[in-house]
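By written order: A, B, C, D and E. Residues from 1 in each chain.
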Amino acid sequence: MTAIIIAIAWNLGQVIFLGIFFAIVAIIVVTLAASTIRTMRIVKENKTDAVRWESEFHDLTPVSRTCRHELTGEFKHRVCNNGFDCNTCESHAKLLARTPAESAPSQVQTAAGFAVPLDRLYHRGHTWAKPETDGTFTIGIDDFASRLVGSPEGVELPALGTRIAMNGTAWNFLKGGTSTRFLSPIDGEVIETSNGAEGWFLRVKPVRGEVKTGHLLKGREVGAWIEREFARLQQLLSDPQVGVTLPDGGMAVQDIAGAYPDKNWEAIYSTLLLEP
Amino acid sequence: MNSKITRREVLQFVGGSALGVLLSPLPWKVLDDTAIWTQNWPWTPKPKRGDIAYRTTTCTLCQSSCGMRARTIGAQPVSLAGTQHHPFNQGALCTSGLLAHHLRYHPSRVKQALKFSVQAKSHSTLSADDAFRELSAVLKNSSSVVIVDERAGRTVSALYAELAASARTVSYAPVSARGISSLNRLAGNASLQAGYDVDNAKCILSFGAPLFDGWGTPSLAARFFDKRGTQKLIQIEPVRSRTAEMASKWIVSRPGTDLAAALSFAHVLLEERLVSASALKSITDIDELALFLGAFTPEVVSKQTGIPPATLRETARAIASQTPSVCVTSHAAGDDVQDAVMLLNILTGAVGTQGGITLRAEIPGMRSAAASAKQSVQIDDLPDHSVNVFILDESLSGSSIPDTLLQDKLVSGGQGVIISLSPFVTPRPFALQYIIPSTVMFETLGDTTGPFDAARSGLALSSALLPAPDGTLDALQFVQKCAETLSVSLSSTGSSEEILKKRIGALHASKRGQVFMTSTGETTDVKQLATADDLWNALVEGGCWIDEAVGVNARALSFRVMPSIKHTRQTQTTDSNTLLVYPIVESSAYSGKTVSPLMSKVSQESGLRLSAQDAYLNPVTAAAHQIEHGSTVALRTKNGTMNVRAKLDARTMPDVIFVSCTAQSCGNQSAIASSAQDVRLLCEVSSGGSYTPTPVTIQKVYL
Amino acid sequence: MLTPGTLRFLAGFVFSLVIGWFVFPYVLYERIEQPLQFSHKVHTGEAGGMSCTDCHEVKPDGRFTGIPALEKCATCHSSQVGTSPHEKRLVDEYVAKNREIPWLVYAQQPENVYFSHASHIGSVECANCHGDHGSTDSLRVYERNRISGYSRDIWGSSISRLARKATWDGKKMDDCIGCHESRNVTNTCLKCHK
Amino acid sequence: METTQKSPRYGMVIDVDRCTGCGNCMVACAVENNVPPAQAKVTERTGMTWMRVSKLDNGLPFPENRSVYLPVSCQQCDHHTPCQSVCPQNAVEYDIESGIVAQIPVRCFGCRYCMTACPYHARYYNWFDPEWADGIERTLNPDVSARMRGVVEKCNFCHGRLQAARAKAAADGRKTESESDYTTACAECCPTQAIRFGNLADPKSEVSILSKSPSAFRLLEDLGTEPKVYFRSEQEWVHTIVKKTSSSELKEHSNG
Amino acid sequence: MDKQLIARGVTRTSLKNFYLWILPWCLLLAVGLYAVFLCLAKGLNQTNMDNRFSFGLWIYLDLTVIALGAGAFFTGFLLYVLKRKELKAVINSAVVIGFICYSGAVAVLGVDVGQPLRSWFTFWHPNVHSMLTEVTFCITCYLTVLAIEYIPVVLKNRKLKKVPSMLVFEFELHKLMVVFAAVGTFLSFFHQGSLGGLYGVLVGRPFAFRPALGIWPTTFFLFILSAAAVGPSFIMLTTWAASKISRKSLVKPDVYRYLGKISGSLLIFYIILKAVDTMFWINTVSTKGFSPAGFYRMQEFGTWILFTEIVVLGLVPAIMLLSRRVRANQKLLITAGAMACAGIVLNRYVMTIQTLALPTLPFDVFMSYVPSWQEVATFLAVLSYGMLVYSFSFRYLTLFPQEREIQSV
C-alpha cells in the first residue's frame, strides 16, 4: 500500500483525508465481519431458538411481557425485559427469598371458566409441561389455548428424536391458512407424540441433567395470568357496537375461533401465543 | 455430495468466487482500462502527426492578396498567419483568411461536375468531359455568351478577354472593385486602373464603408491607429458600427440617404467655390451638373438625412480643406451612390493625387488592359433578358454578383444557362446551371493583383501546397477548355505554371517596380534580380511585386457625370416614425463567400457577428413592440416575409431593423443559405442598385 | 475440519483467483506481430555500423523523429542487400510500392501525453525507458490492450504492477512521476499533457 | 530575450481601444487548440470559445451609446484561483513554472463545479461529441489533443506552443524557453496587435510595463483573484463601467 | 404467498389495490430511465444546462433531497446515541427514507457528470481542498451505512426471519447498530456541511460566498443545522402521509409531537444564525465590488425571496412547532412541518439556481433556465423509485413497530 501511495504521490493532506476515509471503511467492514462471524458461530452451535426468543421477545407488546410477580400482585406494574428467564433475574431471586413458592395442590382449578390444573408448569405461550413419574415430561396446551384454536386444520408435530428447545418452536398448527407455532416450555428430546386426544401432544425426555423450569408459571400465578389473558382476549374480540360479548364468569364457548370467524385470528394468535 | 445442486451450494461457490475476484487484478484493471478508453474514444479524432514546416504564400480569397504563412504537417496546412512585414497586409489576416485551409474540406465542396435543371428541382453529376461535351453544344448555338470575371487583372482575365475578342458571340464582363469602377464609368474609359491611397489621406470621408471591418486589407485599422491624430476619419452611418465607433467623427444619418448627403456635399463645394479650376475644367458637363445640384441644398437634404445643415457644410468644407482627402463607400452601395461619391473625389481634386485616388499604370506582361477593355462590357449596361449563357468564374471567392441581376439579364423563361467554375455548390434556381468543380486555395498556382486600398498596383502568386483533387480545374485550365469547346486558339496555352512563368518573365524584363522577398523580409528592386527565375521564386515563396509610383497623368482625364447622376431620383423623405428594414454589411471580409464551418465561433457560438438569421434592433424599438433579445420575429414587407432572431443593440438607430446581408455558408447551416437573397426578399432596390429602406411590420413568432 | 460448505467456498475462491490472475491478463491483451522483423543488432553491429541517432534523431526545433520514415530505409534497401526474407518483403512490399511500414510502437504514449525526447536525452539513458530494445536481434510480439488500446509496455509486464522488473518495465503516469521525483524534476500537469 | 532566473508568469495586456471585434482571436484560438466547430443545435450558451469577444457598452441610449470589445479568455488567476481549489480530482492545476492555470481534460470527469466557480465564465463544457466536417480533422494541430464529450476545457495559453518552445530550448541546451519562441495564437493573429503576450515576472517585458500603466485594469479586481490578463483603455467611461459590476445590469437572456 | 410476507397481526390492502397504486410509478420510472439513457448515450446536450447554468435542476434536487433525508441520520443519532426511545417508532421508516434519498441523489449524480466511468478518479486522485471531494467521500460512505442499516429491517420480514441464519444475523447486526448510527452521524455532519461549503467557498460568486469559520464557510454549519432541523419534520410528514394513504394510524400521536418539538427547537436556532449570517453578508459583500441590492434587482429573485425564506418559511414554522398548543393540533403541526421543509427547499434553490442566474461580469446579463423534459423525467424517475421502494417496504417490512400494538389495543 505504502508503495502505491508513494508511487501516485499523495501529499500529506491527501493521506490524512484518505486515512479518515479508510478508517471509516475499516470500521464498517469490521463491524460487518464481527456480526457475520458471531452469526455463523451461533448457527453452528444451533442456539438459534434462544436467539429467536430473545430477538422476538422485544417485539412482544408490553402487556404480553407482564412480570409473574405483577400477576401475584407483588408489583403494581412490571414488564419483563429478560425473556421471562427468572433464573437470571435478581428481583425474582429476592422475592423468592421473601416468599418461598408453595407446593401445588393437585386438584383441578378453574380461572375465568378455563380449566387450569395445577399439577403442571405453564409457559406464557399457553403450553404446559407436566413431569411424569418416569422422569419424562408431557407437553400440551392449556384449556384457554385449545378453545382459542378450536379445531385446527392441521397439526405439524416434530419427528421422534428431535430436540426441542425451551422457548423454541414445539410444533405448529394450521388455522385459517396460516401456520402458528406453540412454544416449548422446556428443553428435551421428543420420544412420543400424540394428536392431543389424551390432552398432551409431546412426550419428551430431558437431554442432559436437570430440566430448567424456573421460568414457568405455577400455583396462584396461573389463575391470575389466565384471567388477564381472558381479559385481553375479550378486548381483542370486543366490538364497539356489541360491547363485551363474553359475560364475566360465564363459560366461554368451546371453539371461540369458530364463534368469531370474521376476526383477524392471525393477529390474535400472534398476540396471545407470542409469535410477533 | 448428492447429484443435484442446491441453491445453498451455488451461493457458497459464488460467495467464494466473489471474494476471489476482489483479490484479483480483474475488476481493478477493467476499471482503469475503461476509464482510459473514455480518454481515447475512437470517435474523437486524433490529429495526424508528421514533419512540421512553414510555407509562405498569398491568400486569394479577396483582392487584398494578403501574404500568409502556413504551418504544415507534411504538406497539409494546419494553421495560418499573416506574413510579417508583407507590403500588402503588414502581417494581418482577416477571419476567413485564417480559416482558408478548411475550404478544401468544406462540406459543400463540389467533387464532380454538376448539372442543375431549372428551378434546381433536381441535379445530376457528370464527368468533366461529358460536361464540356454538353457545354460545347450549348455554347455553339447560343448567340450571346458573357464571361464574368470578378477579379480583373489576373493573367486568366487577359485570356478571358482574348477569348471574348476572338469569339464573335462571346463578350467579357470584368467586375473591378466596386467604388473604383465608377471612375471608369464617369471617365468613360474602361481601361483606367486606380486605387484608394487611404494611408496618405489626411481626411477620409466614409459613407458607411466598414473601413475597419473588412472593407480593405485587414491591416487597415492598425495602419489608422498607428497614425492616430494625424489622420481624420469621418463616418456617415445610421449605426454606430465598429468603424463609426473608432472614427474621429461619426455623423448619424438616416438609412439609405447617402446619395442625398453626397450630392449636398457636392452642392456646398460648388456653392462655396471650394473646387479647384482644374477639377472644374475636367468635368465636361459642369454647368448641367451645377444646375442639377442646385436642388440639393443642405437645408433640403438635412430633412431626408437627419444631418443638421451646419454639419453637412462643415463636412463638405473639411474634405475640401483637409487635403489630400478621399471619399469612400461601402461595397453594398449602388452605382448611384458610388458615382455621386466619386464625383466628390473629382471635385476635391483627389483623383490622380497622392493620398486620394491614385491612378495606376498597367501591370506589364499581359495583353494590354486597353485591348481587353475594347470587348469588355458592364453587366448593368447589358439589355435585360439578352444573355443566353453566363460563364461565371467563382473559383476564387464565390460570386458577389446578386443572383437577381443575373436573372434580369438572362433570357427569360428559364432558357438561360449559367456555367460556373466553382469549388462549392452555388445553385441558381432560375437557370439551367453547370457547375464545373474548381480548385480552392492551396491547391493551385495562380496570380492575384494587390489590394485596392493601396496607392500602387501589385502582383502576387499563390502556390499549390496540396495536390488538386481529381476532376477539378483551376481558372487557367478552365479558360483553355472553354477556348477548345469554342474552337478558339489562345495566345498562351499550356500548364498554369508555363503561362504564369511567361508573364513573370515579361514582368522581369520590364525592370519595373520592386519585389518583397519572404526569405529576407526585405524589398528590392526588380532590376537587382539577375534572372526571371529569381523573381519567379521570390513570388512563389509568397513574396509580392509592387509597381513604382508611376501613374497616368490625371490632367488627361475628363469626366461626363450627368449621364450617370441625373437619372437618380430624389430620395423621398420617410416620416421618421414608420418602422423600416435596411440591410447592414457586418463585414465585407466574408460577405458573399463560403466560409469555414469554424466561423460558427464568431456567429452561432458567440453572437459576435450577425449571422444570416439575425437582425439588429434598438432596445427602445424592441420594447415598443414587446420583443426580447434573442426572440424570433417575422419581418413582413410588401416584398415578402422573413423570420429572423432579434438582437437588441443600442448602437443602432431606433425604428430601423438592420438585417444582415452577410451571406455565409458555414456548412452547419444549409450550404445554399444566401442571406443576400433574403434581404432582397424584403428590401427594395433603387434603379441605381442600392437598397432603399423599406417599411416593415414586425411580429414575434412563438415556436 | 473443512465442511463441504467451506470447500465449495474455497473452490469458488481459487477458481476466480486463477481467472483473475492468469486467464484475464491473457485474454485482455491481443498479440500482434510486427509487419516486418527488424534486427537492431545487425544495423548497429559492425555489419550495419549505424548509431541510434542515424534513424532516431532530434530536430533543431526539439522535435523527435521517432521511427524513421520509409525513405530512411530506402537509402540502403532500395534493392536487397542481404539474404533475409524480411528484407526481401521490405524491398518488395514497401520500398518498391513506396508504402510506409505500419510499425507498432511499443512505447507509444497516448494522444493526450506530450513527451519531449529532447529534454530527456542527455539526462536519461535510452535503455532507462526502452530497455535493451536497441540491441535486440528481433522485434517481439506487440501486445495491445483490447479495452484501452494501449501497448502492454505502458502498463508493464506485471499485471499487478507491484513487481516492476526495471525502470523500463511500465510507462504509466505514475512511473513518469516516480522518475521525475527521484530526479527532483517538477511534476506539473502541463509538462506532460497536451 | 532570455527569461529572468525566477520562473516566468505569462500574461496578457489587451488594448480595448485597438480591438475592432473582428473575431480573429476567437477563430485562431479554435484552430490552434482543435476546438470543434458548432453543431446545428449549439447556441451562444453552449458554444466552445476559449477566447470570446464580448461587447461592453456604457448603457446610454442611441446615439450616445458607446461600446468597446473585450476579448475574454481564461484570466489565469494568480491568487486563490477559484476553479483550481474546487476541482475534486486535481484536473485543474496552477502551473508554478509558467503561472498558467492548467486544465487537464483527460483527468476531468465533467462535474462542472469549476464552471460555477469561475466568475469570468471562461470555462466551457463539451456538451457535444466533437465533430469536424468531412476531412477538416486533417487540419488539426498535432501539438494539442482533441477533447472528448463530457469534459470541461478552457484557454491554457496555447500550452502546446509553450511545450514546443521548451523542446526547442532543450535542443539548444537551454534550461528555460525563450519568450521569443512563445506567444499565443490570439496575440499572433490580432490584426491590430491589440493583444500583447509576455512574461509579467520580467519587469523589462512589454506586458509588465503596460500592465503597470494607469490605463490598465482587470476584470472583477475586487474579488482579489489577481488575474494575469490585463486590459487597457484611454477612455474614461470604460474604467467607470468596469468598476461598477454587472449586478446593476438589468438585461435578461433566457433559454429552454 | 403475498400474505405470508406481510407481518403477523397487521393488515395491508389487497394485492390488486397495491398493484394499482404502484403501476403509475412504474410507468414514470420507465420514462425516466429512457431519459437517463438518452443523457448517457448522447451526452448532456439532452439537457438545457449550458456553460453559464453548468449546474441545473439535478444538483438543486440532490441538495434538497439530501437535506430532507437528513432525518435518517438525526433520528438514528437521537435514538441510538442519545437513547431517545420514543423514536424507535419511526426509526425504520427514517432509515428507508434516508436510503431512498441518498441512493437517488447518487444515481442522479451518475447521470449529471459527463464521464461517469471516470468518477472513481475522485477516490484515486482526490483534491482534498475541494468541498466536492468531501461530499463524494461522505455520501458514498454514508450510503453504505444506510444500506447496512436497511438490512435488519429487511431481514425482519416475516418470511426471511424464518431462516435461522438471517434472523441471527439481524439480531447481531442490530446489537451493533449504535456503531453505524455513530459513523452515520459523523459522515452526515460532514457532507451536509460540505454541501453548504460547496457554494460558500465560491470566491468568484459573491452572492454565495461566505467567510470561513476555521476551514469552512458559514454555510457549512448552516446546512448541517438546517438539515438536522427539517429532518424530523420530514419524517413526521412522510409518516403522516403514509398513514393517510394506508388509512391506518401507524404511530402514537405523541411521536408526531415529539418530532415536531425537536424540529422546532433546532429550526429557531438555525433561523437566528441564518439571519445573523445574512446581515454579516450584506455588509461584507460590497467590499467585493458588488451591491447587495443588485442581487435582488430581478423581479423573479427580488428581496421577497429572502423574506419568504427567513421569515415566512423559517421563523413562523419554528415558532409554531415550539408552541405546545400548535403541536396538540395535528393539522397545524403537519402544516408547520411542511412549511419548515419548504423553507429549506427554497434555501437550497436560492443557493444553487439564483447564484448561477446572477451576472458577475460588467457585460454579463441575468440569465434564466428551464430544464428540458429529460432533466425533469430523470428527477421523476428518482421520485417514483423512492415511492416504489417505500411502498414495498411499507407493505412487507415493519416500518412502524407501534402499528400492531395500536391495532391490537
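The definition used in the following text is that a residue touches a chain if its C-beta (ideal position, glycine included) is under 8 Å from a C-beta of that chain, and two chains touch if they have at least 3 such contacts.
Just so it is clear, the structure is predicted and the values come from calculations on it, not from any experiment.
Considering the contact criterion stated above, the chains in touch with subunit B and with subunit E alike are D.
With steps allowed only between chains in touch, the distance from subunit A over to subunit B comes to 2.
In terms of C-beta pairs in contact, B-D outnumbers the other of B-D and A-E. Centrality by Cα centroid goes to chain D. Look at the CA centroids: the one farthest from the centroid of subunit B belongs to A. On a Cα centroid basis, the chain most remote from subunit C in this structure is A. Averaged C-alpha coordinates put the centre of subunit A at 77 Å from the centre of subunit D. With centres taken as mean Cα positions, subunit D sits 37 Å from subunit C. For this pair, subunit C with subunit E, the centres built from the Cα atoms lie 52 Å apart. Distance between chain centres (mean CA atoms), subunit D to subunit E: 39 Å. In subunit B, the positions touching at least two other chains are 34, 37-39, 46-47, 52, 629.
Residue positions of subunit D with contacts to 2 or more other chains are 43, 47, 57, 106-107, 129, 144-146, 148-149, 251-254. For subunit C, the set of residues that touch two or more other chains comprises 61, 63, 111-112. Taken together, the subunit E residues at the contact with subunit B in this complex read 115, 117-118, 120-121, 365.
Contact residues of subunit E toward subunit D in the complex are 43-45, 48-55, 112-116, 118-119, 121-122, 124-127, 129-133, 136, 198-199, 201-206, 287-291, 294-295, 297-298, 355-356, 358-372.
Contact residues of subunit B toward subunit D in the complex are 38-39, 41, 43-50, 52, 73, 76-82, 92-95, 98-99, 101-102, 104-107, 212-214, 218-219, 221-222, 225, 240, 242, 245-246, 250, 252, 587, 589, 596-602, 604-609, 618-620, 628-630, 650-654, 666-669.
On the subunit D side of its complex with subunit E, the touching residues are 41, 43, 45-47, 54-57, 70, 72, 80, 82, 85-90, 107-113, 115-121, 123-129, 148-152, 219-225, 241-256. Every residue of subunit C that touches subunit D in the complex is listed here, in rising order: 58-63, 111-112, 114, 116, 118-119, 186, 188-191, 193-194.
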